[in-house]
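Structure in structure tokens, see below.
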Amino acid sequence: MSHNTFGHLFRVTTWGESHGAAIGCVVDGCPPGIRFTRADIQAELDRRRPGQSRFVTQRREPDQVKILSGVLPEEEDGDMLVTTGTPISMLIENVDQRSKDYGDIAQRYRPGHADYTYEMKYGLRDYRGGGRSSARETAVRVAAGALARKVVPGLKIRGALVSMGEKVIDRANWDWDFIDHPDNPFFTPDPKSVAVFADYLDRIRKRGSSVGAVIEVVAEGVPIGLGAPVYAKLDQDICANLMSINAVKGVEIGNGFEAGRITGEENADEMRAGPDGKPVFLSNKAGGVLGGISTGEPVVARFAVKPTSSILTPRKSVDKTGAEVDVTTKGRHDPCVGIRAVPIGEAMLACTIADHYLRHRGQTGRI
Amino acid sequence: MSHNTFGHLFRVTTWGESHGAAIGCVVDGCPPGIRFTRADIQAELDRRRPGQSRFVTQRREPDQVKILSGVLPEEEDGDMLVTTGTPISMLIENVDQRSKDYGDIAQRYRPGHADYTYEMKYGLRDYRGGGRSSARETAVRVAAGALARKVVPGLKIRGALVSMGEKVIDRANWDWDFIDHPDNPFFTPDPKSVAVFADYLDRIRKRGSSVGAVIEVVAEGVPIGLGAPVYAKLDQDICANLMSINAVKGVEIGNGFEAGRITGEENADEMRAGPDGKPVFLSNKAGGVLGGISTGEPVVARFAVKPTSSILTPRKSVDKTGAEVDVTTKGRHDPCVGIRAVPIGEAMLACTIADHYLRHRGQTGRI
Amino acid sequence: MSHNTFGHLFRVTTWGESHGAAIGCVVDGCPPGIRFTRADIQAELDRRRPGQSRFVTQRREPDQVKILSGVLPEEEDGDMLVTTGTPISMLIENVDQRSKDYGDIAQRYRPGHADYTYEMKYGLRDYRGGGRSSARETAVRVAAGALARKVVPGLKIRGALVSMGEKVIDRANWDWDFIDHPDNPFFTPDPKSVAVFADYLDRIRKRGSSVGAVIEVVAEGVPIGLGAPVYAKLDQDICANLMSINAVKGVEIGNGFEAGRITGEENADEMRAGPDGKPVFLSNKAGGVLGGISTGEPVVARFAVKPTSSILTPRKSVDKTGAEVDVTTKGRHDPCVGIRAVPIGEAMLACTIADHYLRHRGQTGRI
Amino acid sequence: MSHNTFGHLFRVTTWGESHGAAIGCVVDGCPPGIRFTRADIQAELDRRRPGQSRFVTQRREPDQVKILSGVLPEEEDGDMLVTTGTPISMLIENVDQRSKDYGDIAQRYRPGHADYTYEMKYGLRDYRGGGRSSARETAVRVAAGALARKVVPGLKIRGALVSMGEKVIDRANWDWDFIDHPDNPFFTPDPKSVAVFADYLDRIRKRGSSVGAVIEVVAEGVPIGLGAPVYAKLDQDICANLMSINAVKGVEIGNGFEAGRITGEENADEMRAGPDGKPVFLSNKAGGVLGGISTGEPVVARFAVKPTSSILTPRKSVDKTGAEVDVTTKGRHDPCVGIRAVPIGEAMLACTIADHYLRHRGQTGRI
């Protein structure tokens, strides 16, 4: 049991605060012989990195990853690293922390933040930022996820922002290739939504406010058979790991909450014989998981990210003495933290599937 | 790591299939000195028991629990048991299994069921019912949950069905006392909804169909400080444990997916000084959890239950040889499995909170 | 984490007290498709069963195992069971508990027993026997071990008593076939030692005393590569699991404590090229484990079992009120609990290797 | 489950190889509010540090620890750090790695080393040193142990070398104060043994050989009640954690293997009423643990450390191609690795007790 670890065979432990010297993770249980470059990791980190548009926090963090253990350089190609099966330690230095921004709130509990609950739980808190609850912690998840993607042969994981506040994409326009397009600061799959989101979020941002979002993540190439019937369901672990992302308030698999509103006829995915003797599913309302076990169809999950409560509008609160105060959070914050949650959600999905891949192989030997 | 265990310090392992001799659980890590009677456990089991109205499966299972270990009878009061701190084994015999009902589907994969994924994962499956995916497995969770309720002093856990298919309760009519009323076969908190649900579900049932539902569970009296900032968030573990219930497709905490649609001003729960110097929250959109840690406000979660795919309408599928077939499930099934999910959801919430209570006490000693 | 579970992928949870209704275990994570009969399990239980000679406790327990879940009967052969990959629950009823034997010691702490520490830890204890510390608990380990032996193809596990009190076997006489010979009530591999042990133990037994022993367990057919370099060493987990057996006070691998007395030249096992290109080891002082990882040589471990403190000689102690008392334990006890520890040690070794087999397969896929 | 983590509530994950950039650990689950200085950690590291006498490896490593997360500086005293309850990451840079020393053995398996088993398990290995099996990994255990010592109020942990090869200390001369005396390069508690050990080890060292040792570690001030009856015995976890130290081949608690040679009368520790109404034990053969649970007496454990197989005498082996070779290990090695194992054993004992302290508090609340 661990408060700062997830996964069982592919296991990620993270450490570090927003305003300490560095953040990092240890990936334990990675299979030996996985080949990757530092650039593979960095590329994913760069997608999550702050300061890349006016729509995300202006904190300037290069987020350069150092790989400290668990790999050997390949003799023929010095850039190529090979995992040895021992723990892989990765570290990212904090460069642009500005603790002084937080001076005002050292004694005050920001409404909607963990300030109050930290203090009640631990008897003290690191007031110089969000401590472990800072979105900064998620950078190392992305690094771990970049490695996880390599563990399962043929696995492809992508994510998209599907709504921001009251604005929703048009799924008819879905274009995966557009997600990482340089003109798309939102990870939206709907090119037509960019202008809408930009206009909407500019207004939110300019009045010092913030807004929530919903993210969809999809894994293709997931082998059939990952997961288990009850307490190690693949969908359960996906949801647990997505819920562990800061600010996430809800998660669903496949048609999710929609399943609560329809009938058995409408909900069940029918099957027909496929070209190679394997069954094909005529729909994927289940989101690639039946009875907790992967079907071979794409695994589809969605999660809701709340608006950050670090806003400029004064909110009623109390301070450590119990006195009533108004709180305004200056600092530098994302007007929509949901945007940068896209690569984070992808990383958590990748880690979950890598873990279940190894678990399934361990118990059954059927991979 | 275990596929059939949940919890860390208050730890529940379950075993048993729908059509074997018995089902059971082992509750490990329960504090010593907890006093309870067998009737306390049985009362919760009776709430989940099938066959109590025309709206649930007609399988007749008395669900009498046997307590085999981990307790001592109190000298003064033979009905009163005291936990000794060692594992508590509870067992429920299967009485009314009718495997012959399943003869037809031994060779066929029911659409929307785990038949296909079990076979792919394990290379064989127990065709005589849902195996571990049967709702029958959940009985022992309810038994464990009855014990978990005793672990945290002052803890009160309740649940309610808040929608069935397209029918939604009116929250203005919410009456907790009505939930267990004998005229309420739905665990609905809205007395006016009974006639609506009854009429709706009768139509569903008569045509051999099924329908989904949404359940809300609420824990009051949760101490401040349970949970942790990242991978042991209280809300994360609640969602994971609710997702482990068969047929659940989505979970949310507090305002949940709504948080993805609103602004920071709308979302943050403001605080004021309370009468005893402790802050009071002016709202509870967070659902009792901030930064993964309990605030002392009621913990509120919701989960969506899909309609069972065991329906009389023929659905397209394939059999083990790959041939295309139509599948109709006879057996005896719940037209809305969401109804009986109410005490199950309560049990999972109770177990999660009991576990985090012990974990918080272990790390911090602050209880 | 669990106080009553061992193993990670092949995972055994046990429950039950010496004087309750039954004892049992849940084996989780067993691979699907393992074929065995109830008689395979029973045969191992019969080796550990009490009452089979004058040298072991006269408690009469048939120790008939019931298998309640996780298996399907094979269609062609009803005695043959096949694991389904779901948890296997096994149960043994307690038949011959005589709690009245323990009336005298309900208020007194037996020296050398856990009476005092239980009471201090939990605030109460099950005085009707040893509670969880009774040797009775070990029966279900043997049942789990019988299953574990089937998990690793080609695995052969055997054990032997190598010394009893001051009497030591002559290794020159070692004969594995003699261990289960009907004229051998001691699991000794040295036929000439039987008369010595019998005479020695008769004298111990008749004066109401008890004596310690040392057991050696050996696993052949262990694949190369099981274990890990640091905190999941194969030898570490073997020692931990052997130490979990009641009354065990020391454990060693290979030459064990002898390694502390010799030089590097004497200790290192040299290697030469073998007939099939694989290296052969010229000795096995390492006991089949180098750097925590199996070498393919036989895995050899030894453990010391203390004499039971349930003896007829009065010993100084105190009672619950703190008053000084003399304690004599009547009950029925093993004059040398080490004898029946042989099949228990084998079982723990089997479970440890089965677990590491699955873990190695999970991480590396190299089996 | 994790291959590179130990502990459950006080949980230590280590990473890093002998010849990489750095080694480190993450301590998770540490209670908040623990006060310590970097010097507290460094002092323990300095006791284990190589290069301090001619009797240990001449590798020059300053072993300066960096603390990267999980602490706040105290306002009044900048040297004093306070734990926040979040993971504490500690890092030590590798300074004096000389990989070229290992060029010769990249293709050869050193007898008695993990070279062969690593290659078989993972399919590749880090030939530039012992990889994870290097004694270097243990430095971070010592850092974690220094923190663990602070977790349990009143805990005092000490260790001593009690034999080296065939030379054994005289327990009549035992003097704890002499252990860290500057004239004592052996952590021996017997001042008269220094000259004997020095002479003996000089001869071993000069002929390029090595020798084993036995270490005793003792914990005083351990609260009564830590541990559990079966699979979380305090002595089991102590033995497991000591066995995880490189080169350890055997472990024992209290009188250990001696218990296998004596009678029940001789073995049981009798009790009498103590001055404050609490019982006192008249002896401590149990080593402070009865039935897996601490008695309040000193916890005493011993472990045997094998001689390093990195010796100058040529030994028979094979290379990666299967060809027969003679292997001589140059590098810089400890003639008796058991010496520096003293602070490592202390650290493992401290971590184990800290973990069980939190576990006991979690389950029972009785601390």
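Just so it is clear, A, B, C and D label the chains in written order, and each chain counts residues from 1 on its own.
Following the convention adopted for this analysis, a contact is a pair of C-beta atoms (placed from the backbone, for glycine too) under 8 Å apart; a residue touches a chain by one contact, two chains touch by 3 or more.
Which chain is which protein? Per UniProt: A, B, C, D = Chorismate synthase.
No experiment lies behind these values; they were computed from the predicted model shown.
Peer 1: Going only between touching chains, how few steps reach chain D from chain B?
Peer 2: 1
Peer 1: From the C-alpha centres, identify the chain that is farthest from chain D.
Peer 2: B
Peer 1: I'd like the Å distance between the centres of chain A and chain C, where a centre is the mean of that chain's Cα atoms.
Peer 2: A distance of 45 Å separates the two centres.
Peer 1: With chain centres defined as C-alpha means, what is the inter-centre distance between chain B and chain C in Å?
Peer 2: Roughly 38 Å, centre to centre.
Peer 1: Hey, how far is the Cα centre of chain A from the one of chain B, in Å?
Peer 2: One centre to the other, that is 27 Å.
Peer 1: Give me the residues of chain B that touch two or more other chains.
Peer 2: Chain B, residues with two or more chain partners: 1-5, 8-9, 14, 29, 32, 85-86, 121-123, 131-132, 229, 359, 363-364.
Peer 1: Flag every residue of chain C that touches chain D in the complex, lowest number first.
Peer 2: 1-6, 8-9, 14, 109, 111-114, 116-118, 120-123, 130-133, 137, 163, 165-166, 204, 209-214, 224-233, 235-237, 239-240, 243-244, 246, 249-273, 277-279, 282, 286-287, 289-296, 304-311, 313, 315-318, 322-324, 338, 359-360, 363-364, 366
Peer 1: Where on chain C does chain A make contact in their complex?
Peer 2: Per the stated touch rule, the residues are 1, 9, 29, 31-32, 85-86, 229, 358-359, 361-365, 367.
Peer 1: In the complex formed with chain B, which residues of chain C make contact?
Peer 2: Contacts found on chain C: 1-5, 8-9, 11, 13-17, 20-24, 26, 28-29, 32-33, 66, 68-70, 72, 82, 84-89, 91, 121-126, 131-132.
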